[in-house]
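In what follows, subunit A forms one complex with subunit B and a second complex with subunit C.
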Partner chain A sequence: MNEVSGFALSSSLGLTLVVLFGIVWIAFGWYLGRANKTHEDFALAGRNVGFALAAATAMATWVTSNTTLVAPQLTYQFGVWGMVGYSFAALGLILFAPLAARIKRLMPNGYTSGDFIRLRYGRAAWWVFIIISVVYAFGWLVSLGMAGGILLEALSGLDYHIGMSAILLICVGYTLFGGLRAVIATDFIQALIIIVGVVLIAWFLIDTVSLESIHQEVKSNHPQLLDLLFPAAIMFLFNNIFFGLGEIFHSNVWWSRALAFKGKVAFKAYLLGGLLWLPIPIVTGFIALAAPQLGIFPPSADMVGPMVAAEVLGKIGAVVVFIVVFSALASSLDSLLAATSDLVTRDIYHKYLKPQASDQHLLRFNRYSILGLGIVTWLFCLPQIATLGALLNFAGAFVASTIFPVVLGLYQRKLTGTYAAAAMALGTLSGLVGYFTIGFYVAALLSCIVSAALCGFGLLTSQARFDWQQLNEKEEPTS
Partner chain B sequence: MIMGLTAFSTLVWVCLALTACAPLILLGLWLKDFLSKQLW
Partner chain C sequence: MPKLDGLSIHIALLLLITLLARPAAAQQASTAAETQPNTDYQLTLSTERSREGYFVVAIDQAPQTKMVLQQSASADFSAIAAEFDWFGDFTEITLTGFSDGEYYFRLKPVAGVSSNVVQLRVEHYSQWQAYSLFFIGLFLFSVLVITLITLHLRTRRQEVA
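What follows is the complex of A and B.
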């Protein structure tokens, strides 16, 4: 720790790192954006992303602030099951692989997940889905913006509002210039930075403290953290699986990528991305178990990972943590900005308000949407309203209700829009009731179960036979 | 049931080794796509 200020980094060094990152990413976004001539180029990178960039963007986008901040937090609270449970979220990416291949096959001209719900289930289900998507995307955007401010403040003492504003400005900047192409290219570099950084931190921690002494200390003073039958932790494990599936299966962040990857790349990219992601929460999570031994009792549980790394590795460790978490935040923030602005542009503006809009008009509107989303997110981040974990778990009630409507919608002709809409709406309500009456660790589970029951009933009673050709919507040329 | 030292160490070391391999895999794939002009 810095002896004068009490922070691992000085404010001026923290600010210098932010400014350097900002200049490099925005310049890179501008450079890549020169290839964007049409709205399809901007929103879907010309539907031509190769395997290497596709796998890296799948992995990097899923490594969010939650993987670097919340995985250690959950390990600190739930022990071994916290980190193992978190790593099970890789199932979301792995199981999305066959869905992504099918999405690409059924909707070669599609743009968003909203397109699929509208064409497959009709307007009523589309409205429910859009509300869920916007609540989730916005909750995640705000949590990422806040994480940027919290991180900078914890590591360097820089004012929360400056850090939060800086990361939003940087991500809005390069997404605005480069679109999905910039998002995916920066994700590749950010993926490398994140992985090398977490491996370095873990390696130095083991070298300094040793796994034996961490295990001994936890076993003596906090044995419940090593208990494989810790009930709340096991409940968390299942809840997290459904939460992860819901997040990925419904979100346009993942659908727009599936549609942007070239040819048959989608399946193997998501599969590899998931396998590469699987061990990361355990590597970031076990760090938290060293906290009691080091006498670290963080004021906010989501800062346990960075505080342990900064304590063990000193200033260099703090710089590495800073760069890793900043990259993790940026790789998710840019994806959300791009995917949510696509939803606003395509689903709400183009398909609902202005069907005759030209391609160049949509390209301009998409850029305005990114800017608008950035400004609204910034306004919501100003009061620092909730902790990262609270925002994250609240969203579980919403997204888990979409798992069965999405999967059955892609593979089953019988499920109708009425049942899909009811499953998403009532599933979400049940999840919220569970969240407020039982606890955050059952919200996604309850939401998914109720939604599955309604979808099952819908399948049993339906005589409908959906024609898959209806998903292959052709664009009318407009001037 | 408490997780023993061997299981705990194995879990952490295996995950650390797998994570350390990831950049090599990604860079190898990038090089392959770059040389065959398949990046975009």
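What follows is the complex of A and C.
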């Protein structure tokens, strides 16, 4: 550690790393973006992504601030259940595998998850869905921007606003130039960096601080963290699972990938991505348990991961932590920027405001959307309004309400738009009530329960028979 | 697409603004204690009753010297149960893993540092509340997985047929 400031890196080294990262990723995005000729190239990478890139992008996108900063945060707060419970978020990717295959079969010409809701359930459900998607997308974008700021502040003491602005600038930059093609290619490299980096950190940590000493310290002074009957942690467990499922099942981040993957790649890619992701929160979460033993008590719980790693591994370790976490943040932030701008361009601008827009016009609008999203996110990030975990779990109240409407909508002809809209709206409201009256660890669970009950009632009372052909919407050629 | 030179200028300006926004003294928390006059810090808690065993202790100003937070089971601090090093120049510290009970906190009184005493009660949720939510979650998750697998297999059979 730096003797004067207590930080592992000097501010100048932190800033240098950010600038180097920025130059490399933006140049790479520009290089890849030269192949984009049409809006479909830009938004869906030509619908031709192979298995290796597909599995890597699924895994890397899901390794995000959730995994690198929030998993240690929740371990610090909820103990053993925090890290084990977090790893269950892999179920989202694994259970999305069959859905992804089904999506690709039903909507070979589809663009977004919003397309599906509009065609399957109609306008009312689409509006509810778009509101949920936008709230979630901004919740996640803001949490990622904040995570960049928190990371740099924890490692080098640089002002939060610098790290936050830097990661937004870098990701907006290369997504703007390269589109989904750049996002997926950078995800592949970032996935390799993340796996190697996380393994290195865990290996050094166990080698430096023995498991026995960590266990003894936690058992003596923070006993609740080892308690398998920790009440709040037990309450949090399934909430986290439903939050993860809701995030993946509804978000255009994952739908756009399912539509971009080649042929029958989607099922295998999501399955493998989920299995590769499963152990990562265990490793990153475990780091937090060493904090008390090392005398580290972070100002904010979401800073505990980088602080412990930097303390144990010194300056070189801090650089490794920086590269791994920055890669993880970038791999999610770029994906979310691309997917949300697709949603804005396709669902709102093209389908609602300007149906006659040409392909080149849409391509241009998509890029302006990325820029606009980046700026709005930056403004939201300026005041550091909550911890990452609290901010993310607020979004859980919204997304968990979409799980049953999406699953049943893909496989069941009977569920109608009215019930789907009601399930998403009332589910979200119930989740928010739970969030504010009980705590963030019940929001997604309550949301999903109410939504599932309404969907079940809708199925029992409905006589409708949806025609799957309506989902295969053909594009009208525009010049 | 936005023009490249225009975009570059905007990026450079944005970076400059954020660089200028950085507080100059952000990294210089540690100075010699003996040169500082006595500072009386005001401690506050994020909550007076924690249901999860974690909470945040905050001070009203950035630390002027290296500080230690003390924990005790009594308001007079006759016995110190634990001590926590305050990190850097941050104004908050997050503590975790506490069992049910009453806890008192203050800054370790040394030359140049004093503070008020704050009291916290940790009262975890009851087991029946936790298990109720756990089993509801387990039931709902089972319903979802069974529904998903059943519908997927049925659809595949129909597609093959």
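As a convention for this text, the second predicted complex is superposed on the first by the 479 of 479 C-alpha atoms of A that agree within 3 Å, B and C clash if a C-alpha of one lies under 4 Å from a C-alpha of the other, contacts with A are read in each partner's own complex, and residues count from 1 in each chain.
What we mean here is this: a residue touches a chain if its C-beta (ideal position, glycine included) is under 8 Å from a C-beta of that chain, and two chains touch if they have at least 3 such contacts.
Worth saying up front: this structure is predicted, and the values here are computed from it rather than measured.
Undergrad: Let me test your reading of the model: by the given contact rule, A:C381 touches which partner, first (subunit B), second (subunit C), both or neither?
TA: In the superposition, A:C381 touches no partner, neither subunit B nor subunit C.
Undergrad: Examine A:W203 and indicate which partner it touches, taking first as subunit B and second as subunit C; both and neither are also allowed.
TA: After superposing on A, A:W203 lies in contact with subunit B but is clear of subunit C.
Undergrad: Which partner chains sit in contact with A:Q77 here, subunit B, subunit C, both or neither? Use first/second/both/neither.
TA: Second partner only.
Undergrad: In the superposed arrangement, which partner chain does A:A260 touch: subunit B (first), subunit C (second), both, or neither?
TA: In the superposed model, A:A260 contacts neither subunit B nor subunit C.
Undergrad: Identify the partner contact of A:A328: answer first if only subunit B is touched, second if only subunit C is, both if each is, neither if none is.
TA: A:A328 contacts neither subunit B nor subunit C.
Undergrad: Which of the two, subunit B or subunit C, is in touch with more residues of subunit A?
TA: On the superposition, C touches more of the residues of subunit A.
Undergrad: Applying the touch criterion given at the start, work out whether A:N239 contacts subunit B, subunit C, both or neither, answering first, second, both or neither.
TA: second
Undergrad: In the overlaid three-chain picture, which partner chain does A:P223 touch, first (subunit B) or second (subunit C), both, or neither?
TA: both
Undergrad: Residue by residue on subunit A, keep only those touching subunit B in one complex and subunit C in the other, then list them.
TA: Dual-contact residues (subunit A): 223, 229.
Undergrad: Which residues, counting only subunit A, touch subunit B once they are in their complex?
TA: My answer: residues 45-46, 48-53, 55-56, 59, 80, 84, 87, 181, 188, 191-192, 195-196, 198-199, 202-203, 206, 211-212, 215-216, 219, 223, 226-229, 262, 272, 276, 278-280, 282-283, 286.
Undergrad: Where on subunit A does subunit C make contact in their complex?
TA: 4-7, 11, 76-79, 95, 98-99, 102, 105, 157-159, 161-162, 165-166, 169, 173, 176, 218, 221-225, 229-232, 234-235, 237-239, 241-242, 245, 292, 295-301, 304, 307, 364, 367-368, 371, 403-404, 407-408, 411-412, 439, 442, 445, 448-449, 452
Undergrad: Contact residues on subunit C for subunit A in the complex?
TA: Within the complex, subunit C touches subunit A at residues 1-2, 7, 11, 14-15, 18-19, 21-23, 26-30, 51-54, 56, 69, 82, 84-99, 124-127, 129-131, 133-134, 136-138, 140-141, 143-145, 147-148, 151-152, 154-155, 159.
Undergrad: For a test of understanding, state which residues of subunit B touch subunit A in their complex under the given definition.
TA: Residue list for subunit B touching subunit A: 1-3, 5, 8-9, 11-16, 18-20, 22-23, 25-27, 29-30, 32-34, 38-40.
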